[in-house]
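One structure follows; several queries about it will come next.
Every chain is named by a letter (A, B, C, D, E and F) in the order it is written, and numbering of its residues begins at 1.
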Amino acid sequence: MDFLGDFFLRFVVQFQSPTLGFLIGGMLVAALGSKLKIPNAIYQFIVFMLLMKIGLKGGIEIREANLAAMALPAFFSILIGVLIVRVGVTLFGMLPGINKTDGLATAGLFGAVSASTLAVAIVMLEEEAIFFEAWAPALYPFMDIPALILAIVLANIHLKKQKEGKDTKVNVWQIIKDSLRGSALSALILGLALGLLTNSGNVLESFYEPLFRGFLSILMLIMGMEAYDRIKELRSVAHWYAIYAGVAPLMHGLIAFGLGYVAHLLVGFSPGGVVILAVMASSNSDISGPPTLRAGIPSANPSAYIGASTSVGTPVSIAIGIPLFIALAQIVFGL
Amino acid sequence: MKFYKAKKVVIIAEKILSSKICEIIESNGARGYTVVPAGGKGAHNMHYTSERASVVDDFSNVRIEVIVKNKSIAESIGSQVVENCFENYSGIVYLEDVEILRPDKFNGG
Amino acid sequence: MKFYKAKKVVIIAEKILSSKICEIIESNGARGYTVVPAGGKGAHNMHYTSERASVVDDFSNVRIEVIVKNKSIAESIGSQVVENCFENYSGIVYLEDVEILRPDKFNGG
Amino acid sequence: MDFLGDFFLRFVVQFQSPTLGFLIGGMLVAALGSKLKIPNAIYQFIVFMLLMKIGLKGGIEIREANLAAMALPAFFSILIGVLIVRVGVTLFGMLPGINKTDGLATAGLFGAVSASTLAVAIVMLEEEAIFFEAWAPALYPFMDIPALILAIVLANIHLKKQKEGKDTKVNVWQIIKDSLRGSALSALILGLALGLLTNSGNVLESFYEPLFRGFLSILMLIMGMEAYDRIKELRSVAHWYAIYAGVAPLMHGLIAFGLGYVAHLLVGFSPGGVVILAVMASSNSDISGPPTLRAGIPSANPSAYIGASTSVGTPVSIAIGIPLFIALAQIVFGL
Amino acid sequence: MKFYKAKKVVIIAEKILSSKICEIIESNGARGYTVVPAGGKGAHNMHYTSERASVVDDFSNVRIEVIVKNKSIAESIGSQVVENCFENYSGIVYLEDVEILRPDKFNGG
Amino acid sequence: MDFLGDFFLRFVVQFQSPTLGFLIGGMLVAALGSKLKIPNAIYQFIVFMLLMKIGLKGGIEIREANLAAMALPAFFSILIGVLIVRVGVTLFGMLPGINKTDGLATAGLFGAVSASTLAVAIVMLEEEAIFFEAWAPALYPFMDIPALILAIVLANIHLKKQKEGKDTKVNVWQIIKDSLRGSALSALILGLALGLLTNSGNVLESFYEPLFRGFLSILMLIMGMEAYDRIKELRSVAHWYAIYAGVAPLMHGLIAFGLGYVAHLLVGFSPGGVVILAVMASSNSDISGPPTLRAGIPSANPSAYIGASTSVGTPVSIAIGIPLFIALAQIVFGL
């Protein structure tokens, strides 16, 4: 009861957070047919700026970090990525009217990680002054890549079974390269490397950090507009995708929270780190994931996975997931 | 100056396919091609032009046009693109008659 | 693969007319169309491409192309666009012969 | 004499203001055939940023405002919007060689409001430390929408009379929706709503406010370049448009100043608010107005109204109007 | 509505040549043209579309299309562009048959 | 020995500078086939911002400057621009397999000046707290324009000789206008004028200056990606271009350093100014130069001069040239 009360309080407060406000504002703006649009060049630049900031910050602080402590959370990240896809396959397998490859692609996307959702979580944690290891956001690829690989490999094995004749080999290394070359992971890793190897503290503090929140507000606006715009695509596919997209983020987040808690007990993973892990699991990839899946599972219908993730998954994981995991952390860890 | 008959192949496809299509074009001996970013609507979904922010920029379209001197190469490019690229991706291909100057600039056929 | 004769309608018009033109296209049974942002000059004014800052971005042009299987539908799209859209707005329409693959992808006519 | 002296002094100072400098710089750059250009994506983003800042600020401060005080200025705003169009119709009706619908569209554009001119006025007032109610910029739609509606309705009634046969119904509600959906008003209203409903003070202060002046300087550069580039269009139409565009901004501003003064006496409308009202009246819509008019009065020639407003109206209202109204306020209200 | 035969000239060239080409078009009496930014590959180098940051944006291509009523003007535009512009710059020109509405909108020829 | 030791130390430190880090990062990102890209609109905007900042700053401080002191450095700038082209012609003339006009265009590009390299030098000098006259960056056009003019004039005289028949007059005034109208010089001069004539200190300090370093970091990333991408073009031309591009920046910089030193002795040109002069000579034009040369010497192959400058010249002058000239200054002037 206490927990529920705390959660609802937090939830109401969250609705006054400008981050969420911009997300909902974006949806309304699109729903009302406004001609307001943010140019694509600005969107791409904002995403770059956010990932660069997360990367630089991580890189700089990793220098002093005890990286041994990262091993278990990194392992858990891989585990979660794999688990989400497996669970997704099982779930979609039980539902009627679901094309197997569409289900796999959707599960892969929800196993992968969203940089924007991660950025929101970082801002919320900073606002609540909850500490997290600077390397925690760098767990991103450990969860993202295995989820995408597994989904693509499973889909291709399935297709191979179907049409014996045509031999569809799956090149795992190619998928890893595709993921790492995607613009999101490239920017994050570049930032990490620059933070680690160069004296970039100055440019981080004077440029990337001050612009972080502002750009995030605009990114949320874009995500909101896209969420509304893609609902029509979602409507063209089975409604199970929408239901999955509404439930899975919370389910995935709670699983990750549990594993994060284990890491807390075993290697002292911080409460903020546990929240980051949960948010990563809860999020679904919105930048690099879709093109990687489009290339890796071409026969899957993009409307299924993109509609589900953009229109339902992302809003749920930002608006419900993040405050839920933070409230949970505050209660579980007695913050 | 004299104008010579030639064939133009136009391919409208998802951006993600560009490099594969360009390979097919070059492997057929064409000496050049022109690419224009495009939006469109077809059997699949709306593909927006890449002007407005879009979570899936890679799904916008490109319009590729290639001019070759003889019909058979044009048809071969068209057929190969349809066979190798459009099974799972959206796109269309069509041919047109054109008249060119300086025919030596185009494929050797 | 076999190529089939078809007609292409190209419409160049102010961006502001896009949605009205697309409605006309769809109401004539066409199954798709492709849109490219364009600039241009005609009887009216210079329309810049939308690359540079412009107070009136909505006045730049679009180039819409639609392929349909038969001539009569093409002509009907062309005529309707001219009649319903170009009285007060600038724009042109023209038709071309093309050869398509997979004719079932295009209008039923 | 004293007033004239003060005005000229202020005028000279104004010419050293970077805002005006960038405007004139833009004209020169275009006139000299420079290839310098600001990308359209940046222009659209800057306009969004400025309107968001104005909206957020207004929304935040409206919370504590006594909105009853807004009633009379809002009513006057509507009145001014309507008046400008009526006066414009009468004026253009008296001039030779003016197409009736072209005149109506021009009057509508000058009745509507420019977000960029408004932004300049806000900066100038802040520089002079002249107070204005935070809700004053929110009077924008009250003047903008009625002016556009009236112009479009009158034009369509006129056209209907001409060709009896064809029945051209005017859908007022459609025009209102079009205006509100335009990118300028959408951004302003979204900002107001977010400012009012969310805790956006932080993001306003750390992001939107610090970038305001800088972005405004670039916007002025763009306006200057456009002003020069569109002179050729202006040349292609009757020179009465240029004359109207040179005189109307000051006339409209002075009428609004008078009504604002009445509001000052009756409900204590602040001197800065009176200036804001005058600047709105003086300005002409440069973002949402043109497409709304293009759609609403398609037979009007855009070269007439856009040439007149961009090349003459906007420079006059920024370079002469704003310093004039501020000097007037300082004298009238003894600031 | 009646459709009339006409000729379309398409010119693909480096952006830097745009204004020179437009002059040639206008001096031949054409009443309008349409410009689309393009990328491409030919005998010279890869020309990227201007979407991505590029040190040499001016070297990207444009695709200009002009419709004129008679063949001879089309050929004259084509030949003049090749002769005056393409000696040192990359580019191609081709002609197509089109059918237009409202022929009075196009060149007087 | 001492000097070499100092230089290597400085060189290693430089490699930890984020500026250089971003440059190398960009090369790696491109080499690894990443899809990361910075939109062209952002690139153009960043270049505008940097030049505006340099211009405004220069303009503001020129007001108090003793411009007589500028005469000799300005004269030397012209001299250097001319010298670089002459030396280049001689060098390329001695090499086998070099097309005369290609060589001239390349020499012209290396004689011209890069705004981005200049911006890096300004940041490095500020970091090392080495003073330079505020007007020093304004020497830019004095070196840039003569180099471009001379290269174009020589190329056209050469072509005229070849084909007597066709009369190719060279319009020097047209080349000067083309250079000044290029987006880089336009922005710099506009900034200078606004700095000189308007009260732009406020907008400079609150907007252009704080964003300078951050935007420079992104510009370096772009330059790095371009450097890698254009290597293929360089490969398609004689390898002499690459060798020239590797050696010339240092040679040109050292010549300019020598002349700057003379100016130091004669008119007290500051050590930082000498470095600026050397960096300008060392740099090669990356924004306005290429289109000016393309228009002026159309028969020259752009792959030769753009490949050489972007892929080799710029990285060499930023990564080796700038630290070299600063180390030299510290030793020569005993800083």
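Observations, loosely collected:
Going forward, a contact is a pair of C-beta atoms (placed from the backbone, for glycine too) under 8 Å apart; a residue touches a chain by one contact, two chains touch by 3 or more.
These numbers were taken from a predicted model, which means no experiment stands behind them.
Between subunit C and subunit F, the least number of touching-chain steps is 2.
Look at the CA centroids: the one farthest from the centroid of subunit E belongs to A.
Greatest centre-to-centre distance from subunit B is found for D, with centres as Cα means. Interface of subunit B with subunit C: the two copies contact each other largely through different residue positions, with under half of all numbers used appearing on both sides.
Chain geometry summary: the mean Cα position of subunit C and that of subunit D are 36 Å apart.
The distance from the centre of subunit D to the centre of subunit F, each centre being the mean of the chain's C-alpha atoms, comes to 43 Å. Averaged C-alpha coordinates give centres for subunit B and subunit D that are 47 Å from one another.
Counting partners per residue, subunit D has 37-42, 44, 210-211, 291 as the residues that reach two or more other chains. Looking at subunit B, one finds that residues 36-37, 50-51, 96-97 touch two or more other chains.
The complete set of chain-chain contacts reads A-B, A-D, A-F, B-C, B-E, C-D, C-E, D-F, E-F.
Residues 14, 16, 44-45, 50-59, 87-89 of subunit C touch subunit D in their complex.
Within the complex, the subunit F residues that touch subunit A are 15-18, 20-22, 25, 28-29, 32-42, 210-211, 213-215, 217, 221. On the subunit C side of its complex with subunit B, the touching residues are 1, 3, 6, 8, 22, 31-37, 50, 67, 96-102, 105. Taken in their complex, subunit A has these residues touching subunit F: 39-42, 44-45, 48, 177, 180-183, 186-187, 190, 193-194, 197-200, 202-203, 206-208, 211, 291.
Subunit F meets subunit E in the complex at residues 37-40, 42-44, 222-223, 225-226, 230, 233, 286-287, 290-291, 294-295, 298-299, 302-303, 306, 310.
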